[in-house]
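Before anything else, here is the set of structures, which you'll find just below.
In the two complexes below, chain A is the common chain; its partner is chain B in one and chain C in the other.
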Partner chain A sequence: MKKTLPKYYPLIPVFAAYLIMFLIGFFVPGMWQMVALLAFYCALGQSWNIFMGMTGYVDFGYVTFIALGTYGMSLGITYCSQYEWLGIGIIVIGFILAMFLASLSALLEAFIALRLRGAYFAIACIGINEGLRYFIEGAKIWGGSEGLIYFGALVQALGRDTVNQLTSFWADFSVFIIAALAAFLNMHYMRSKIGYALTAVREDEDAAKVMGINANKYKTIAFLTSGWLGAGVGAMAWGLKLGYVYPGDVFVIHYTVECIVVVLLGGAGTLLGPVVGGLIYGLSKYWLAVIMPGFQLLIFAPIIIIIIVAAPEGVVGLLKRRLKGTRLEMFIE
Partner chain B sequence: MKIFVRGGDFIYKGNTQETLSESLSEVFSNRVKEEKMILTLLAGNLIHGLLLGGVYGLATMGLSLIFGVINVVNVGHGQFIMVGAFVALTMFTVLGLSPVIAIPAALIIGMALGFFFFYTVMRRLIRAPELTSLLATFAMGILLEEIAKLIFGADFRGYYWAVGKITLPITTIPMSKLYAFIGSIAIALFLYLWFSKTRIGTAIRSVMEDSEGARVCGVNVSWIHALSFAIGIGLTVMSGVLLTMFIPVGINPYMGGGYTLKAFVIAVLGGLTSPYGAFFAGLIFGLIENGAYTLFALIPGVAPFPLTVSLAFWMLFFLLLVKPTGLLGK
Partner chain C sequence: MALLKLENITKRFGGLVAVDKVSLEINEGELIGIVGPNGSGKTTLFNVISGVYTPEEGKVIFDGKDITRLPAYKRAPLGLGRTFQIPRPFSSASVRENVAIGAMFGTLADKVTVDDSLEIADRYIDLVGLEAHRDKASGDLTPVEKKLMEIARALAMRPKLLLMDEAMAGMNPKDIDDMVKFIKRIKEEEKIAIISMVEHIMRAVVGLAERVMVMNQGAKLVDAKTEEALADPRVIEVYLGQPTEQSKWRSEVWKEGKGEDE
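Our next item is the complex of A and B:
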């Protein structure tokens, strides 16, 4: 036991950050919404980072998973809310559907796109995202471009009080859980056979293959995990909380870019990075929306460019270099 | 909505796509669905598709050139097309100049933008991982969008360059579309000659093949990188001018995103690193897009326009699976 313990030390600062955020949100009145927003960005960054950090592949169509998660929850609630005996079970069904849809698209994407490298992979991922969005709109499935609006059905099935509690607390709380789970899984993968295999693949895919590493298998595992977590965030933070879904709202590449910005601000491929990045990005976005509504993007775009050029390793990357050789080193990963 | 009409009595209402869909549904509901008529319609739409395809091809050549030379996928590609559209619009409505003069102006503005972004940002990202270059180009796109919104507002605008039209038995073609098509072919041809006959063109091709080898042979690789990026952006902005002939009221700061995605499909169709492949792929894409649209409009209960866009991406996916080197690739 003693031998295995130190390898999870880097999780301590991550969990501590989430705990502090949660406590601030829970006990300081009026802070819950903001903390929930921060947790949303941290969770997305963390989930995106699992795949990117371990394989070096840039999934530019990551929002597909978030959107399909939202759709899973929406479909569960829309079509199952008429069965009264299910009660709160419709949320569970929705969550399972979200996972199912995410797995389906992740496996399809893995089958096709993971054979590709670099830019081709990014383009393929964008392609599947847009293809799905316009297919839903064009074939008019799942409500087509009008989307699904099911908040009323949810209230009817579960009662107003339960729904209020669900949307204002439990949806956000589950985002915290997913964020923590993402951090744990990331750490766990890094310290297991999968992590070593993927490091080999990232450094030199052909050499790894020659050594007998089944690159596609490990990449698919990391991709699926990343997709499930994203779908979970989508199902909870959008599907359950908002009570409606439009294809034009959820399949938007800007959300992928937000994930990437969060990760890059904190430090790509690090465990603590997405938390730091999520906090910086979420707070500055919130603050800019208050002081300069409508100009956030105009200010953000040059800042992103400057960060990419000046500090591509992110805050945690810089910190890691500073702390090298000190006793704090083992807490930062 | 602001519509400017000059030099003719033609009054244009609505977006091309919308008018097309309206006219189509009218045609299909009011008249008997004769096979012959559908074929006529298909043939007419294919002609329009070919004309638009030429501009698509030109619009994608820049993307392929940039990817081929500096190995960066420009995710902000469509936003440069948007810049071109606004150049044409401003010159037409404010200065009263025809789009023919806007083309060289757009090239100059585009190349200036290209050099600016290259020396400030892209130069440092050539050997960086995809993560940074994708994000940087996306951020450039957002920056251009927001600046355009600040200057022009978020309204849909447009202008109509009334220079007559040709009436064929199957369809009516505005001369402006024909000129845009001819213009894009001329530019592509000029580029082809420039690439194959001049020293700099040969240098660019050599860097595309093997940048280390080119460096050994005395090519100033960093200058070629800068120049190709600028030419790529210049071409893209220029194609934005030609594109305005096809979207009479579709000019908007946020119009670019859709064209970025189309350009990806076309670029992959053409082999991603080959500008000429991209031009021919553009022609094919224009034909497929309009043809599929006409056919999808026959299916009741679906929205043909999104379905056509969706088809393009499934096509992209299929192509990446079976032939990532493109239609003309080895």
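Our next item is the complex of A and C:
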């Protein structure tokens, strides 16, 4: 009669998927790059989904977090690599800077979200993204439009072998970790007071306030978490792995659109959705690029539109409905 | 000391004075009724007490504390719970989750975990008799069930004062009698003060509260013992319109049937 939800079961399929991906990449020769790309999409989808799934805000400017994360890492390495004694610590500094910049931007977006809703919020976030890009280029800070190129400095500070290991393994590995962390936090929030509070706020914000819920506080928590995770992906998968950053490369709305597509394919607001979506999206993009280089978008766009129209709840949404009432139900969220 | 003290509350919407210099005191554990025709400012007064609106003039003192300008979300933990005239369930969440949300962020906010709150929720779901619907999405409940769920949700907040906005609207006479009994019972069992507001179901008011405040056009008309208040010529006139329409008034005021939802 009284049932308490099994707490973290829905994480099992998510973690299993990440583990299998990792093992394939690690042990099957030549697979690592593809698996890393898939993890990248899964991690971004999962991070963006926390924002959207929990608050209901569709953040079209999400790439700002990824870009600022990249810049945080770039700045850390660029300006600290001269201090030899810091050693690998420059990566830590870069990561902390990434989190710091993401926090500022998350707080700014939260500030806007508390005032604007729906499309206005989306447009404001795109505005922040474009504004930041042109500010960096125009004011010539952080290398301006020339960007920062620090691969050489990194090699000089840490040595070629270490850097090779960092860029070819650890950068990608940390994306896996961030993806898993994002799933865990999402699940943990859903099962804690934060999740209940945000459900109430999403359904009826004024009633939620009268029930004692500090709506702004909980929204801000979700924004910050989502922003930190996105910045973490940027710092590692772009900042550390590539060794350079141009504003025109990173503040690109296209990447937000990819996040949204990943989440919609898999199932918005679900836990497993971003994993499934990331796999479908990443694999088909990879595959189409191999068999029809140059034409992938032409074929891809209509396929995505068809899938999203045919299954608006996404693959996991469909699955959830299928499994309702069965024993597998508690594993899918 | 009064639990809630309203001093000369005035709330305007543009040129319209929705609440006009209303003062009211209610003690701990007291049950009072507020009646008044549609548009007389009852819901607005509730909104001022619970923090949805800030009044242009006057003070709201709760438990010795001036909360006139306190944000709504800081009032619930002090012990203010309420239901809404038009039920506002968190529709996608189950009944159990809705009621648990009350427990989580009410006066026990700092003391209870999610699991504790779910347990508390079960208790109040049983109390209002919704145990068959525990895991149903609250949006799928009937209007009357939604009202009951809101009461459970507000009680799970463990308030000192419960504001009930039209708890009996849309109910048939038997349900109204049950609800009256139920409200009196929770007042005793939970040891809380209750302000129950009713538009024109006099049957409910008479049985419910010993004391009633009658409002008209935003102002307090009478605040007295229930029988006295309802016999007051000014109150009769409000419900009656013109004294010559005595018969019409009777059928209106003593109507046992439905209240109106806005």
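Here are a few things to note about the model shown:
As a working rule, the second predicted complex is superposed on the first by the 327 of 333 C-alpha atoms of A that agree within 3 Å, B and C clash if a C-alpha of one lies under 4 Å from a C-alpha of the other, contacts with A are read in each partner's own complex, and residues count from 1 in each chain.
In this text, a residue touches a chain if its C-beta (ideal position, glycine included) is under 8 Å from a C-beta of that chain, and two chains touch if they have at least 3 such contacts.
Small disclaimer: the values here were computed from a predicted structure and weren't measured.
After superposition on chain A, the partners chain B and chain C are seen to fit next to each other with no clash. Once the two complexes are laid over each other on the shared chain, residue contacts for A:I213 go to chain C alone; chain B is not touched.
Contact with neither chain B nor chain C is seen for A:M54 once the two complexes are overlaid on the shared chain. When the two structures are aligned on the shared chain, A:L148 is found in touch with neither chain B nor chain C. In the superposition on chain A, contact of A:K193 is made with chain C only, not with chain B.
In the superposition on chain A, A:F300 makes contact with chain B only, not with chain C.
In the overlay built on the shared chain, the residue A:D204 is in contact with chain C alone; chain B does not reach it. After superposing the two complexes on their shared chain, the closest approach between C-alpha atoms of chain B and chain C is 14 Å. In the superposition on chain A, no chain A position is in contact with chain B in one complex as well as with chain C in the other.
Interface of chain A with chain B (complex): residues 52, 56, 58, 60, 112-113, 115-116, 118-120, 122-124, 126-128, 130-135, 137-140, 144-145, 253, 257, 260-261, 264, 268, 295, 297-298, 300-302, 304-305, 308-309, 312.
Residues 50-52, 71-77, 82, 84, 88-93, 97, 100-102, 104-106, 109, 114-115, 118, 122, 131, 134-135, 153, 157 of chain C touch chain A in their complex. Against chain C, in their complex, chain A makes its touches with residues 1-4, 191-193, 196-197, 199-200, 202-204, 206-215.
Listing the residues of chain B that touch chain A in their complex gives 67, 71-73, 75, 120-121, 124-125, 128-132, 134-136, 138-140, 142-143, 145-147, 150, 257, 261, 264-265, 268, 272, 296, 301-310, 312-314, 316-317, 320-321, 324.
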